[in-house]
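You will see two complexes here that share chain A, one where it goes with chain B and one where it goes with chain C.
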Partner chain A sequence: MKLGYYPGCSLNGTAKEFNSSLKEVFAALNVDLEELNDWSCCGATSAHVTSHILSVALPARNLLIAKKQGLNELLAPCAACYSRLVSSQQELKLDEKMRMKVEDLLEEKVTNGLQIINLIQIFQKIGLDKLKEKKQVDISKIKAACYYGCLLVRPVDIALPDDMESPDSMEAIIKSIGGKTVDWNFKTECCGAAHSIAHTDIVEKLCKGIIDNAQKHGADVIIVACPMCHSNLDMRQLNIIKHYPDHKPIPVLYLSQLVGLSMGIDEKKLGLGVHYISTKPLLEKIKSDALPTEVKKEVPAPPVSNDKIKKGVEA
Partner chain B sequence: MKNLKAKDFKQKLIAITSQDPAQCYQCGKCSAGCPVRDFAEAPPNRVVRYVQLGLYDKAMTSPTIWLCAGCQTCTSRCPQEFDLAKFMDAVRELAIAYGVKSADKKTQEFHEAFLKQIENFGRAYELGMLIDYKLKSKDFFQDVDLAPSTFSKGKLSLLPHNVKGKQQIKKIFKESGEVKK
Partner chain C sequence: MKIGVFVCHCGENIGRTVNCPEVSKACASFPGVVHSEDYKYMCSDPGQNLIKQAIREKHLDAVVVGSCSPHMHEKTFRKACASAGINSYMVEIANLREHCSWIHEDINQATKKAIDLMRFAVERVKFNQPLETIKVPVTKRSLVIGGGISGIQAALDIANAGFEVVLVEKEPSIGGHMSQLSETFPTLDCSQCILTPRMVEVYQHPKIKLLSYSEVEHVEGFIGNFKVTIRRKAKSVKEELCTGCGLCAEKCPIKKKALSEFDEGLSNRPAIYVPFPQAVPNVPVIDRSVCTYFKTGKCEMCKKVCGREAIDFTQQDTFVTEDVGSIIVATGYKLYSIDKKPEDSIYKGYGEYGYGKFKNVINGLQFERIASASGPTSGEMLRPSDKTVPKKIVFIQCVGSRDESKGFSYCSKICCMYTAKHAMLYKHKVHDGEAYVFYMDIRSGGKNYEEFVRRAIEEDHVNYIRGRVSRIYEEDGKLIVKGEDTIAGLPVVIEADLVVLATAMIAQQEAPKLAQTLNISYDKYGYFQEAHPKLRPVETNTGGVFLAGACHSPRDIPESVAMGSAAAAKSLVLFGADMLEREPIIAKVDATTCAGCFYCQKVCAYNAIEKKEIRDRLGNLQKVVAFVNSGLCQGCGTCNATCPSKSIELIGFKDDQIFAQINAFAEV
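Up next is the complex of A and B:
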């Protein structure tokens, strides 16, 4: 299988472990990645928050390169790039005036037909059976909270065809490689995204909420498919640890890293050593011979009487 | 106000977003699910209300437009299928075009610093962006403790990558500047 590849800026920098793990996994699955020649930034958040034309034209340059390279499918593993690429493509399709402007700027005709896919979709395409076949390591001792964030499932209708409020396609992938997942509430809550630098306090509070909910539901690890979600949940967890002394650190892995672990790929090659929150306890748990920890049976809370609700007393 | 007239605001907004703000019937479902609602002085539906009432200045000077993280939760839940995330983008773009003093300078400076690298090199250059942002915001000490580990993990490169087709990128940026005049 040959596939166009748009790594995006983050995968060459802060998310280099996303890039390396993905390449290892696809090599094992015999998927050839053909990187776009001279690709450029999609403009990310900063383009669409300040200029409409930038937000359409910057991704469009890359869509045209893909067509020139004769590619029909383009993998954009970064959820933000993915969202910008599909949004630009959609706008070029629907807005005649914008299309003409972009064609004029890039001196080329915009053509349709390129299929842009994200990490979840490529695993679905390869087939979950194939992932199951490649499984070598038992990862059933750990429980994963699948975090989709915003841009895998939105914009609705053109992004991942899954439930926008409660998606489960990532869970299906993890189950196919023998992993366990938790049911939780913050799968598609925003992590604060690009506010990481200018409003670190906001990101910290939003991420604390996400992590707390994942842990409350028994997760040992949070799985993501977006460099921005990763950097906020992993790197900004250092700020959380500083400000919340009771905080229990939780590692955050890219989906490709977990799939790679199940295939028995070397931890170093998967970039598991460059996280801010150590992945060591998690890796030890996977390797440990101990039986999976019993899930504590929660005693259902007694029904709350109407009086209590009226008085606002917590049950 | 850079050649732009206030009365053109609504027209321009509709031209950018291809939707009329009157579509919003103020149910507030967007604000109920907004992740930055707790940090913003006005909930997002109120910014739409400002525009509906012709209070364009209030909309453009609201910190809410800069706090919007672009998560699109509002857009996906709106019963009127009003694309609020797109509306926020457009109000922000017009605020810049009108030369309105930003109510959230730091966020604007961050985006400007990020885009400057794309304009210069074609790809994001994180170190350049951080230096540029720090010079603008004068926030020199934030995250300095993270720098050594980020370097040693190989997550921050010293030099930018230069895209060959930079002329095309410069042209796109030039056009975006023209739009704002």
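Up next is the complex of A and C:
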């Protein structure tokens, strides 16, 4: 499988571990990622609060590049990039006048037909069975709280086909790799997003609420698929610890990191060492009963030919 | 043929843009026209007298009136001509108002066009033939579909007028949603106390045939003459033997497996059950999907304990056919399911309210059951999760109603009132409790309705908060309700013990299917469509089929009862005459040229084309031809256009009439 790849700014900066982990995971799943040549900013929050046409034209430029590279599907792992690309595509499809204006700006014809997908959708596309097959390490010792934030399930009707108020597609992925998830209440609560820069205090308060609720329902780790959510929940915990002395830190992992862990990919390659909140206790908890049960059973088995093993597995 | 032409000025409506005297003068020279005149108001008494006088004096055979649309006054002029002695179908109308004067400005051109329109009509009327109205007999018997309060009212009214009624109810008992309610607004009288006597009256009425646990399968025929096939679902209990002692239900070993439909899932019922103690008829049915006998072939406990040997496991669905003259549809409503987004649905659900996930988030009907003396808590105000008294209760209005993005754009109409009632009932039972209502607008139009809501606010101190709730979640046994007070402009967080959602009233799921069976229209929500929103609110576009209650749109009890009576009155109007008269404009088959291809049968929307055998004198079959059932034919003309051999003609709109008009146009 070949996919276009639009990393966006975060995956080259604050979310480097998101980038490296998903590259590792997709290599293991035989998915080729072809990065867009000379891609540019998606506009993020800044464009659409200042100029509407800019917020449509910036993603449109990247969509054009994908089309020129002959790609039919484009992976945008960052939730904000994903949301901007999908929204722009939708607007160009529905609004003839806007399309003409954007074409004027780009000095090129806008074509449609590219499918934009986010991390959850690509896992769904590859197939949860396939993820299950690739599972090497037992991660059932830890309990994950899946945090969707706002953009992963929005805009409604064109984004991920899930219930925007109470989504559960991430849980399905984690269950398929043998993980356990908690049922909690702040899956789509606001993390404060870009207010992180100007109103850090508000973001701390919001993130504290999210983390507390996850821990209250027994989570050992929060799983995200958005660099913004990640930086707020992970990085801002340092401040939270300062301001709330009784705060218990909790690691925040990207979904691709957890999937990578279950596949037995090296922790360093998955970028598990670069978190503000240490992932060590979590990794130790997974390892505390390190060897997965299936491997243990297979050790004493008499040597047989590969074919027979395959048949045995099937049987 | 002697034709008389009459041109109406319609006050200034036609006269302003059409020179009527000139039109009249021009018409006088058309071949066949022996009389032509114009008048200011042809539809008025003196105007009609002019026509009558001309018919008598000049012995006219046909009349052409240039006036308003035939929808307006064709009947008036036909009647006038008939009283002067010519057949009413020898009258043609040229529409000089809607088709000419109202849409043109230039008087010369409009006059020219008016003369043309008159000439077309004159040429056409030369081919008109005298016709007689069709008379069809009326079966003076009514079918009522749905045994809720609206259907009950309709059935009782018709039966009390002395006509037979067949009442079909799909559930084991009649009573509908009203039987589930605790008290009713705005008087707070007990719902069951006022309903159950009516239910018993239905059961005991000699003119009412009650078919419970039954559904309408198939309908054929037409106004005054319907033939209805009804499926009587197998109750597994012989109705004629059962005394309703209730021993079977008491002894049924399956007590916990099935959720009670009557208690909206808040309690359990056995596999053999009557929905509620006051059920009519008081005959149990076996729910075969949970019954041990039907699953494993063993048990038969109910059979063993039944002293009347009324249990019959071998019973099958049966079909009965009823002949009726009118049909009243009173199939009611259901509540919008506000769980997560329903699959393959355009409606998105309300995942943020956690209905179905949190036991203490319930809907309005569930609250009715909790508040009801016959409910699972015997009327004690206890919440479902732990059966404790909720000290803080939150009501949320407009869940699914007035919400284009996630639900339905219409207002469910009754929720403002029943939420005020719920809050009141709660405060009357839990004096130290706090009740909060989140609302968008309070819509309390109705007699004593606004006063009722004010009472809830002012006397019972219910806290009304204008705003929407964004999320509900459960922490430590409390429901955290997050919303906004849009008047104060502040976010609100309430730690509630129980949350009641006023979910939208929606059409029954099977409504579109029933509409197709009955050949009536329904709107995009599945509600049945009335013939005219103001002047024919209980009639449908299919003659003899009437609507009552919430199957038409969200309605409260008084309105449903009024509509039930209105539908009954419409049926009784039908039963007032022995014969129905209808327009003779129907299709007719020329059997000599019909080749029997039956293309006409395929295109007929009213199933009016039948097969007819043509035999010679010795009884040998010569051929099979099409035949039009004059009762069913609506005169649409589709068969006429389809017939390859031109063997079907629409009487009153025959080809030679139409071609005469077209030829007259070509002559210009």
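Methods note: the second predicted complex is superposed on the first by the 289 of 315 C-alpha atoms of A that agree within 3 Å, B and C clash if a C-alpha of one lies under 4 Å from a C-alpha of the other, contacts with A are read in each partner's own complex, and residues count from 1 in each chain.
Just so we're on the same page, a contact is a pair of C-beta atoms (placed from the backbone, for glycine too) under 8 Å apart; a residue touches a chain by one contact, two chains touch by 3 or more.
All figures in this text were calculated on a predicted structure; none of them were measured in a lab.
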Quick one: is A:V156 in contact with chain B, with chain C, with both, or with neither? Answer first, second, both or neither. both
Between chain B (first) and chain C (second), which, if any, makes contact with A:K216: first, second, both or neither? second
Decide which partner touches more residues of chain A, taking chain B and chain C as the two options. B
Report for A:D129: first if it touches chain B alone, second if chain C alone, otherwise both or neither. neither
Touching A:V274 in the superposition: chain B (first), chain C (second), both, neither? first
With the two structures laid over each other on chain A, which partner does A:M164 touch: chain B (first), chain C (second), both, or neither? both
In the superposed arrangement, does A:E96 touch chain B (first), chain C (second), both or neither? neither
Quick check for you: in the superposed arrangement, does A:H195 touch first (chain B), second (chain C), both or neither? first
After lining up the shared chain so the two structures overlap, which partner does A:D246 touch, if you call chain B first and chain C second: first, second, both or neither? neither
With the two complexes superposed on chain A, say which partner A:S40 touches: chain B (first), chain C (second), both, or neither. first
Let me check the overlay on chain A: which residues of chain A are in contact with chain B and also with chain C? 156, 164, 189
Residue numbers of chain C touching chain A in their complex, please. 340-341, 348-352, 354, 357, 405, 471, 473-475, 480
List of chain A residues in touch with chain C within their complex: 156, 163-167, 185-186, 189, 213, 216
Please name which positions on chain B make contact with chain A in the complex. 16, 18, 35-36, 38-39, 67-73, 75-76, 88-90, 92-93, 96, 104, 106-107, 109-112, 114-115, 118, 122-124, 126, 130, 133, 137, 142-143, 146, 149-150, 153-157, 161, 163-165, 168-169, 171-173, 175-176, 179-180
In the complex, the residues of chain A that touch chain B are 9-10, 12-14, 16, 38-41, 43-55, 57-58, 61, 95, 101, 105-106, 150-151, 154-156, 164, 188-190, 192-195, 197-200, 202, 205-206, 235, 238, 274, 276
